[in-house]
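What follows is a pair of complexes built around subunit A, which joins subunit B in one and subunit C in the other.
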Partner chain A sequence: MKTVFKIAWRNIWRNKLRSAVVVCSIFLGIWAGIFVSAFSFGLNEQRKESMIRNQISHIQIHNSTWLDQKEVAYTFSATAVDDYLNKDPRLKAYATRSKASGMVSSAHYSGAAQIIGVNPNAEAALSNLEEKLTEGEYFPEKGRNPVLIGRALAKKLEAKIGSRIILNFSDGQGNIISSAFKVKGLYKDVSSKMEELNLYVRQSDLQTLLGLESVQVHEIAALLKEDADIEILQQELQANFPALAIQSWKQISPELAYADEIMTQMLYIIIGIIMLALSFGIINTMLMAVLERRKELGMLMCVGMSRTKVFSMIMVETFYLALLGGPLGILFAYYSVWQGSKSGLDLAAFSDGLATYGIDSVIYPALPTSFYWGTTLLVFIMTLLAAIYPARRALKLNPVETLRTI
Partner chain B sequence: MLIKIAWRNIWRNKRRSLITMASVAFALFFALIMRSMQLGTYDQAYASVINATTGYLQIQAPGYWEKQSLEKSILQSDSLQIKLRQNKQLKALLPRLESFGLLASAESETRPGFLRGIDQELEFEYFGLHEKIVAGSFPKPGQSAVVLAEKLAENLALKVGDSLVIIGQGYQGMSANGKFLISGIADLKNPKANKSTVYLKLADLQELTGAYQRLSALVVVPENKNDLYALKQSLQSQLDAQDYAVLTWRDMMPELIQAMEADSAGGLAMLFILYLVIGFGVFGTILMLTSERMREFGILISLGMSRFHLAFTTYMETTLLALLGVLSGSLLALPITWYYHVNPIQLGDGMDKMMEDYGMEPIIPFSLDPSIWLNNGGAILLICLVLSLYAVLIVYRLQPVKAMRQ
Partner chain C sequence: MAIIETKNLSRLYQDGDHIIHAVDKVNLEIEAGEFTAIVGPSGSGKTTLLNLIGGLDSPTEGEVIVDGKAIHKLKDNALINFRLQHIGFVFQAYNLIPVLSAQENVEFIMLLQNASARERKTRAQELLKAVGLEAQMHKRPAELSGGQQQRVAVARALASKPSFVLADEPTANLDSKSTEDLLDIMHKLNQEEGITFIFSTHDQRVIDRASRIIYVEDGQIKENH
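Let's turn to the complex of A and B:
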């Protein structure tokens, strides 16, 4: 068997250009395929991270009626949940929120608004709101009714720091509240839609306007340290507070969870298609290698080389080609993904479009390590499958006949 | 004669030719299916946006689109309409007035909403608005009533016959409050529009907001939908840029276009890799085809066949091979794309939410645009033609004596 390996190795160097073409196609195909996969994977991860961090958090708690009707009246008492979460070491941050949807207007513009009452310190830890400010102050101690608005909204309202804007919303008892707020800061979000819609006010101010006690809130959002704890904590909370609706990010945003789920499948489909295309080239090349050597193969069989050995020789030859191209492609891919994940790829040309998907214009490619192993396995399985046809063809040669041909 | 030889050459080694053809056909087949699906989805998204929101082209006051405020409205003047109608590319002009308001039902539910005042007859004729009614009807002449978008009506828990309270801000800071009968509910086939739109009669909205004789925009219906840019320019030349701005839907929806372009770029990257891999496969075939025929080439040239004729025959052979591959790939893709063009894929769990997030309907219709076939078929053919030059090069460089000794 050792000789078979040796002959096969020498055979692939007999026609260097041809072997080089196959090796190159495997190498480039794998490299580019993995890189594109890493790009899509990174993009999806980034979108997920950004959505969780900026908008939905890991776990949200609401009054159970809130899920169907997001009305001001459906609050719950935060005290018990607060006590429960307060001591939990698994939590990174959590915050209570009050919400009202209504309308924002200035002398120049009026539009839809989601008014979010936040607890400044807790919110800064939970959703980085303070860091998103591009101008102004983050809820200063002094001054009545401060509000933070997005840059896009500020532009429409023609509002600056210190401008007064009017917020209109229902108090849940059939009254429309109209109240003046003072713009204290402008924030930047990934998408201009968010910037236009969300306004942040102090929770206590909003609660007072809505006629609610300070423990009556609409939402508690929590961020955990470890992904693995999310579902455990969710179940614990549900057991302790059966009257409340406890949702993990997967329920809040099923589309995110779904994208997360199908991502790995998608990546294997991408690689699979490329491998299929590659295998056409491999089959063809190896078939040629067999047919042009038919005389030689016939001779080998005549002098007593067993059919198994001829078969394995062709298989090993193909395998060598994959062994040269495949790992090289995977290594190069690994390196470029690693490089890319450090510096990021700037897609400024598509930035507005990406913002609608909720992501930044700099993409950091990433791939789970298991995918590299999966691809390696796939490469070898595909090559061996592709080698079977030419190898079988070699077996079908009739030794006597091949010797007779010129 | 030469083409006949080339044709016969292809069938000398049937297996190889078939594998090469199959690889070209596979790449093209896959490319066509993918592009047809992607471009079909984009067309669908664009059509839904055009139909449910902006229309193809709008004439607005300069700066209206950025602010969408009543203050930036234009005067409803007959002289302007008469002037514009002289443009032969223009089919119709639809006056619209748009504004925001807080919507409330008797049960104290409130939602921000988008008010659109329209000329009903014209919208029926050019946008088929009456066909979108799912309950009730559009208000009769002389009746002052509104039509709600389906999802909005559901959120507000309102039915036909109920009344809707609108609290908004009118022209020049006037308050715009009113109560209207709901005469109908419409499904606008666009998730975003379905959540927020209220249709009023133009005169009703003008009266409500105090914007008498004013319009947000004149929606232009073009004679030819494919040449909006030319129409935009000719309208611009007719109008004074100080008073009027002409915007196509592309100008108004840059984020949508970019999001689609980013998605499309991902698909193109995938195609690029696929073509690269197939290119190597085709090159491998050409390499073998020439190297196994060195002797034959040598003899033919010694016998007096001109190098040009020989090169031409070989070139024709590879070209025909590629052409056959391209043809079979195109034909294979046709029934599948046709089927899904007529019966679009309906998306289920998770995916439908994701699409709605991007403001699209959860269906994927395939596109049958011939340019997809031309572009991708052309690209593969071009790659093959360039690679075939290698064979030509070999024929011209060939030294007959040396080649015959092989």
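Let's turn to the complex of A and C:
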């Protein structure tokens, strides 16, 4: 068997150019395939992270009726949940929110508005609201009724820092409340639609206007340190507070969860297609090699080389070709993904488009380690499948015929 | 006892709607130590006969008995192994593995027989010396002349310690000097080591050296002496 390996190894270098082309194409194909996968995976992770940080958090708690009818009246008392979450070490941050739907207007424009009352300190730890500010201040101590509005809304309202705008909304009893707020900051969001819709005010201000106690809130959003704890905590909370609706990010944003789930499968499909293409290259090369050498193979069978050995020899040759290119491609890919994950790839040129999907302009490629192992396994399977056909062709040669035909 | 015996051996080929009797009811015995030439015009059935004797082709009818074994009854794998253990082959061309040196080519056949590394090396060097290629042992086939390649092939054929060597037109691609040299070596091996050679040829000089000549025509033996 050692000799089979030796002969096979020498055989692949008989046609150096041809073998080099195959080895290089496997190398480049796998490298590119993994890198593109890491790029997509990183993109998806960032989108997920940004959605979670921006909007949905890991866990949201509501009054169960509020989910269907988002009316001011459907609050719940935050005290008990607050006590529960307060001492839980798994939490990174959480915050309570109050919400009201209504209208925003200035002298120039009026439109629909979602008014979100936040607790400035807790909110800053939970979401990236503070970082999103492009102008002004994040809920300064002084001054009554501060509001943060999106840049797109500011443009429509023709409002600047310090401008007064009017918010109209109904309280729980059906009274229309109209109140003046002072623009203290402008924020930038991933889409102009969100910039137009969402206005952030102090929770206490909103609660007072709505006639709610400070413990009566519409939402508690929480962020955890470890992804693995999300569902566990969700179940615990549900058990402790059966009357409340406890949702994880997967329920809040099913499409995000779905994208997350099928991502790896998609990537394996991409890699699989690349490998299918590569395997045709391998099959073609090895078939040529077998047909070119049919007299020699015929002679070997005539003098007593068993069919198993002839078969193995061709199989081994194919494996050499694939195993020269494949692992090299995986290693290079691993290295470049690692490099890319440190510095990131700046796609500023396309970032306007990306922003609408909630993605930063700098992409950090990333891949779970298991994907490298999976790819390695796929390379093996591909090689095995690609090797069988040429090796079978070699077996089917009729030794006497090959020697007769000149 | 004869090392090769054929009984009523026939090999037919279908060519369109008529049948070619490539080998036609041949009865033949070959004894150990013979130096036999199979002669005849082109298409007379020499190659077919040698292939049948060598277990490379199976007869349409009749029997081939080699070393007391009815090889026409052997199945594929058993036949390959029989060839490996009992018969040495020299073909007209494409005898050697291009990526192996002369010595490795000779060793290869012993490797298939699972001989030890030491045995392989000593025997390969001995045989290459015997065919006058001491200096060329580490060269690859492409670096050898046609005559030298055929001599490596003879050494390779002998490496497995076969009962006899079959050679189908071993000199057909060689110039007259190389033909002489190869014949000298084969003849010497026959005389000194008692190796049995059976070869087909068109070459009168080769025929002249044979101890026995079998003349075939239309698949039948016409003369045998």
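The rule is short, and it goes like this: the second predicted complex is superposed on the first by the 404 of 406 C-alpha atoms of A that agree within 3 Å, B and C clash if a C-alpha of one lies under 4 Å from a C-alpha of the other, contacts with A are read in each partner's own complex, and residues count from 1 in each chain.
The rule is simple: contacts are C-beta pairs under 8 Å (C-beta built on N, C-alpha and C of every residue); 3 or more make two chains touch, one makes a residue touch a chain.
All figures in this text were calculated on a predicted structure; none of them were measured in a lab.
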Clash-or-fit label for the pair subunit B, subunit C on subunit A: fit
First (subunit B), second (subunit C), both or neither touched by A:10: second
Subunit C, subunit A and subunit B - angle at the middle CA centre, rounded to the nearest 10 degrees: 90
Greater residue coverage of subunit A in the superposed arrangement, subunit B or subunit C: B
Partner chain(s) touched by A:400 [first = subunit B, second = subunit C, both, neither]: second
Partner chain(s) touched by A:258 [first = subunit B, second = subunit C, both, neither]: first
Partner chain(s) touched by A:169 [first = subunit B, second = subunit C, both, neither]: first
Touching partner for A:57 - first (subunit B), second (subunit C), both, neither: neither
Subunit B versus subunit C as contact partner of A:98, first or second or both or neither: neither
Which superposed partner A:309 touches (first subunit B, second subunit C, both, neither): second
First (subunit B), second (subunit C), both or neither touched by A:247: neither
Shortest span in Å between Cα atoms of subunit B and of subunit C, once chain A is used as the common reference: 11
Residues on subunit A lying within both footprints (that of subunit B and that of subunit C): none
Subunit B-touching residues of subunit A, taken from the complex the two chains share: 15, 17-18, 21-22, 24-25, 28-29, 32-33, 36, 39-40, 69, 71, 101-103, 105, 107-113, 155-156, 168-170, 172-174, 176, 192, 254-255, 257-259, 261, 270, 273-274, 276-278, 280-281, 283-285, 287-288, 291-292, 347, 350-357
In the complex, subunit C residues that touch subunit A: 47, 51, 54, 56-57, 76-77, 80-81, 83-85, 89, 91, 93-95, 97-100, 108-109, 111-112, 156-157, 160
Footprint of subunit C on subunit A - complex, ascending: 3, 7, 10-11, 14, 295-296, 298-307, 309, 399-400, 403-404
Subunit A-facing residues of subunit B, complex: 13, 15-16, 19-20, 22-23, 26-27, 30, 66-69, 71, 99-102, 104, 108-114, 167-169, 173, 196, 254-262, 265-266, 269-270, 272-274, 276-278, 280-281, 283-285, 287-288, 291-292, 349-351, 353-354, 357-358
